[in-house]
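Worksheet: one structure, shown below.
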Amino acid sequence: MSSVLIEAPTAPVLTRRGAVLRMLRRNPPALIGSTILLVIAFCAVFAPLIAPYGLHTQVGPVFGRPSWKHPLGLDDGGIDMVTLLMWGARVSLIVGFAATFVSMAIGGTVGVLAGYFGGKVDTILMRITDYFLVIPDVPLMIVVAAIWGPSLFHIVIVIGILLWTGTARVIRAQVKSVRERVYVKRARALGAGHLRIVVRHVLPQVAPLLIANTVLTVAVAIFDETALSFLGLGDPSRTSLGKVIENAFERAAISSGAWWAIVPPGALVALIILGCSLVGGSMEDALNPRLRVAHLSARTFRLRPLVGRENAL
Amino acid sequence: MSVPLLQVEDLHVWFDLQGGGELHAVQGVGFTLERGERLGLVGESGCGKTTTALAIMGLLPPSASAAGRVLLEGVDVLAGGESTIRPHRWVDVAIVFQGAMNALNPVRTVGSQIIEALELHGVARGAAARRRTGELLESVGIPAARAGRFPHELSGGMRQRAAIAMALACNPKVLIADEPTTALDVMVQAQILELLDALCREFGLALVLVTHDLPVVAQLCDRSVVMYAGRVAEQGPVDALYHDPRHPYTRLLFAATPDLDDLDGRVVSIPGAPPRLDRPIDGCPFRPRCDRAFDRCAAEPMLRSLGDGRTAACHLTEVAVT
Amino acid sequence: MSSLLEVEDLVVRYPIPRGIVGTVKRAPSQSVHAVDGISFDLAAGEMVALVGESGCGKTSTAQAVMRLVDPEGGAIRFEGRDLTGLGVRALRPLRRRIQMVYQDPYESLDPRFRVRRAVEEPLAIHRLGGSGAEREERVREALERVELTPPELFLDRYPHELSGGQRQRVAIAAALVLEPVLLVADEPVSMLDVSVRAGVLSLLDSLKQSGLAILMITHDLSTAGRFADRIAVMYLGRIVEEGPAAAVVRSPQHPYTRALLSVVPRRDPRDRHTGQVLRGETPDAVRIPSGCRFHPRCPLAFDACRVEEPALAPSPAGHDAACLLI
């Protein structure tokens, strides 16, 4: 009697990992977004090797026009804009990812603790989250950056400690639902400790959501860094995209008609944010079934002729 | 001879799968339903019984495609898709969805939701709609005074009654009930079955009861269609199905159901699992699990008429039957 | 046969939060009387079924035995030791010996764990089984005990690759790997297809034959009658009838048991009868009726039932029932 149990596994349920891969393959926005990010990240990472000119080398006249040699022209110091953008993207991405890492660490921890333990822990942590949530980000960043002084490290910390609230809330909700799963209760009934349950059962379940959230947060962090740098609160020794824009602005690029010194860095920031949003948004769609609303489509089912299918009877 | 009330002929339903490919959920199902008749549509999960019910209502999701005929008083309502089904949906054929009792809008009173249904279908409006709502609630055993209650103020059984009342809003001729008692306690199940029985008697409703629960069908229905792997395995009067099953699946399914009057009898388990429907099936779909499979089962059995309104799709019916 | 598990006067209550308005108004605090003083025992090699409708307290009883909820009163003696007072640390070694099988096999296995890891996890939690090879051997043995043979075919499968019946067997294997002496099975087959239910129940039956004590929680009288040795029928937090399964099913003494049995649909269409359909529904467990808690729905209730609460007492049929008419 027992050996026949081998028969026929049920139709495959799609795993989450599979969902991400399939999403990339079948979802044009995600594909476009990840292509954009990969190209930019490649240029940024290998900037020292592939940048056409030196970052501090004057290669032509101040605000030199775009030419074949310098497709995006030169800046106020006669430095090649393409080179500048590669190095700028490098700093912006570093700040973006580092700040995101800080906010993920805080948001993830707060979310998991609040969701898993519930009760008073939840109430207290969520009230704190609420306070951070209602603080207007940019003004506080300006204040803190002004007090601490301009440095890349400070910017990372400032952005990091202000961006974690959304993550904390999303993760908390997800953990709350995972905590109620029977297999988590089973592990508890078995006598498993909290650490084990969180590491083995809860974290793997919320990790994809945390990653999707990370990608979305990177976009916000890069945007915030650009804003701070543009306001002159960035690290003066590092060339980020915001810094490039600020420089050009200060040196009257606009009145000189040197649009190429301002528009490309701005567009690059927009492109990075777009890429992150496309990828992060698609990942969230794929991971959060509640966001899927295909069944609300006005389309109805299709009819098929039975011709040529008589043998199926 | 008069035309049957509802006739399903050679119904097929396919679902597009996410990763490509198709799931052939319903594979040529056919049955008839006479006026006032109660038909049980029985089978295990994934056998296509709910999909069949949804196809009759024209409520398949966009990922589905369908073929075959659904004749309502002789007229094919499936032929033109949405446009030909819409005039009949709820008016002639209504459905109580699985879990309908949990699908009521939690922030609106039960009464207002029924009034909305009445007005949407142009059955009645204003004071007339309110009066009709009271009547409908009374007919399912809810005091009309409770129309002002919110769903969470009613028990599971009461919510299920309200869901049935909604389905009856347009006075349909056919009521399809999909697992109407599944999540309910035994006593509440008995109350709901009693109600369905009474509704069929009083209003001459024809009932299609979709369920996995054979005893419920045995108690309430006149005839039953036993489905397996998207097809009809056997159909006939419930009495004949129990006392003289012609398809091994029917026999084993009854034998797998414990019964209070037969505590010492052996309760069997059917080994294995139903075949996957996303690939073609060779021969009889039940062959790998069947205790009486023989060489002929490699070929697919036709649904054969056995007289007395019975049909079965099993090669054993062609051989001398025990 | 001495008892492995003795439950005595068990009380489980869940307080209802009063909310801001309630607190301000100093409303009396209310609670759900989920289990209100029940006693039963269970011996090795025995299967007792707690039967009743939803809200009768059967699941709370199981959770109290598992110490997933803290009882408010009474004793739960397991191998002679009262579990109710024990702290987390003292409970740990005992937890190994009491295992649970849950209702929904689709939910009780972590979807990302292969069968091997799911069955091995309890060993890892309790740091048992020694080396990897020894653990693997114990996992294989457990799979063989639940008739998932040969184990090689299942070890590397994910839950979604298994049918419902197979999943429930994996869940049972994960419970057996710690070699428990008591298994609490909460509606172990209600989510499974009819055709495989009997297989899982027969498996539980054979485990019982081999000496395991099983406390089964179910709403299905047919299953309880067929597979349990004894049945305890619960209504609103109390046991109203208790005795050998066959006796309870064949000669029910309590009017509630009788009504319940009479409405269970039979599979023979010729055996059609309406049965004794009780009106209304079980009252909620916050406001429990006075006297016999079944009296508002009882077809036989008389004046005394409103006042006097009957205790479980031997009936003419030999087993216990709690009704003033007996």
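Letters A, B and C name the chains as they come in the text, with residue numbers starting at 1 for each one.
Methods note: a contact is a pair of C-beta atoms (placed from the backbone, for glycine too) under 8 Å apart; a residue touches a chain by one contact, two chains touch by 3 or more.
No experiment lies behind these values; they were computed from the predicted model shown.
Contact analysis places B-C first among chain pairs (by count of C-beta pairs in contact).
Ranked by distance of CA centroids from chain B, the top chain is A. Separating the CA-averaged centres of chain B and chain C is a span of 32 Å. Here the spacing of chain A and chain C, counted between their Cα centres, is 48 Å. The multi-chain contact residues of chain B, meaning those touching 2 or more other chains, are 269, 271, 273. Across the assembly, chain A contributes residues 1, 5, 8-10 that each touch 2 or more other chains. For chain C, residues that reach two or more other chains under the stated contact definition are 163-165, 199. On the side of chain B, the complex with chain A involves touching residues 10, 12, 14, 18-19, 23, 27-28, 46, 58, 60-68, 78-79, 81-82, 269, 271-278, 288-289, 302.
Touching chain C in their complex are the following residues of chain B: 44-45, 155, 157, 185-191, 193-194, 212-216, 218-219, 238-239, 241-243, 252-254, 256-261, 263, 267-271, 273. The touching residues of chain C, counted against chain A in their complex, run 66, 68, 91-92, 95-96, 99-100, 102-104, 107-112, 121-122, 125-126, 147-149, 153, 157-158, 160-166, 169, 174, 178, 199. Listing the residues of chain A that touch chain B in their complex gives 1, 4-5, 7-11, 14, 22, 294-295, 297, 299-306, 309, 312-313.
Note for the complex: chain C touches chain B at residues 53-54, 163-165, 193-202, 219-223, 225-226, 245-246, 249-250, 259-261, 263-272, 274-275, 277-278, 281-282.
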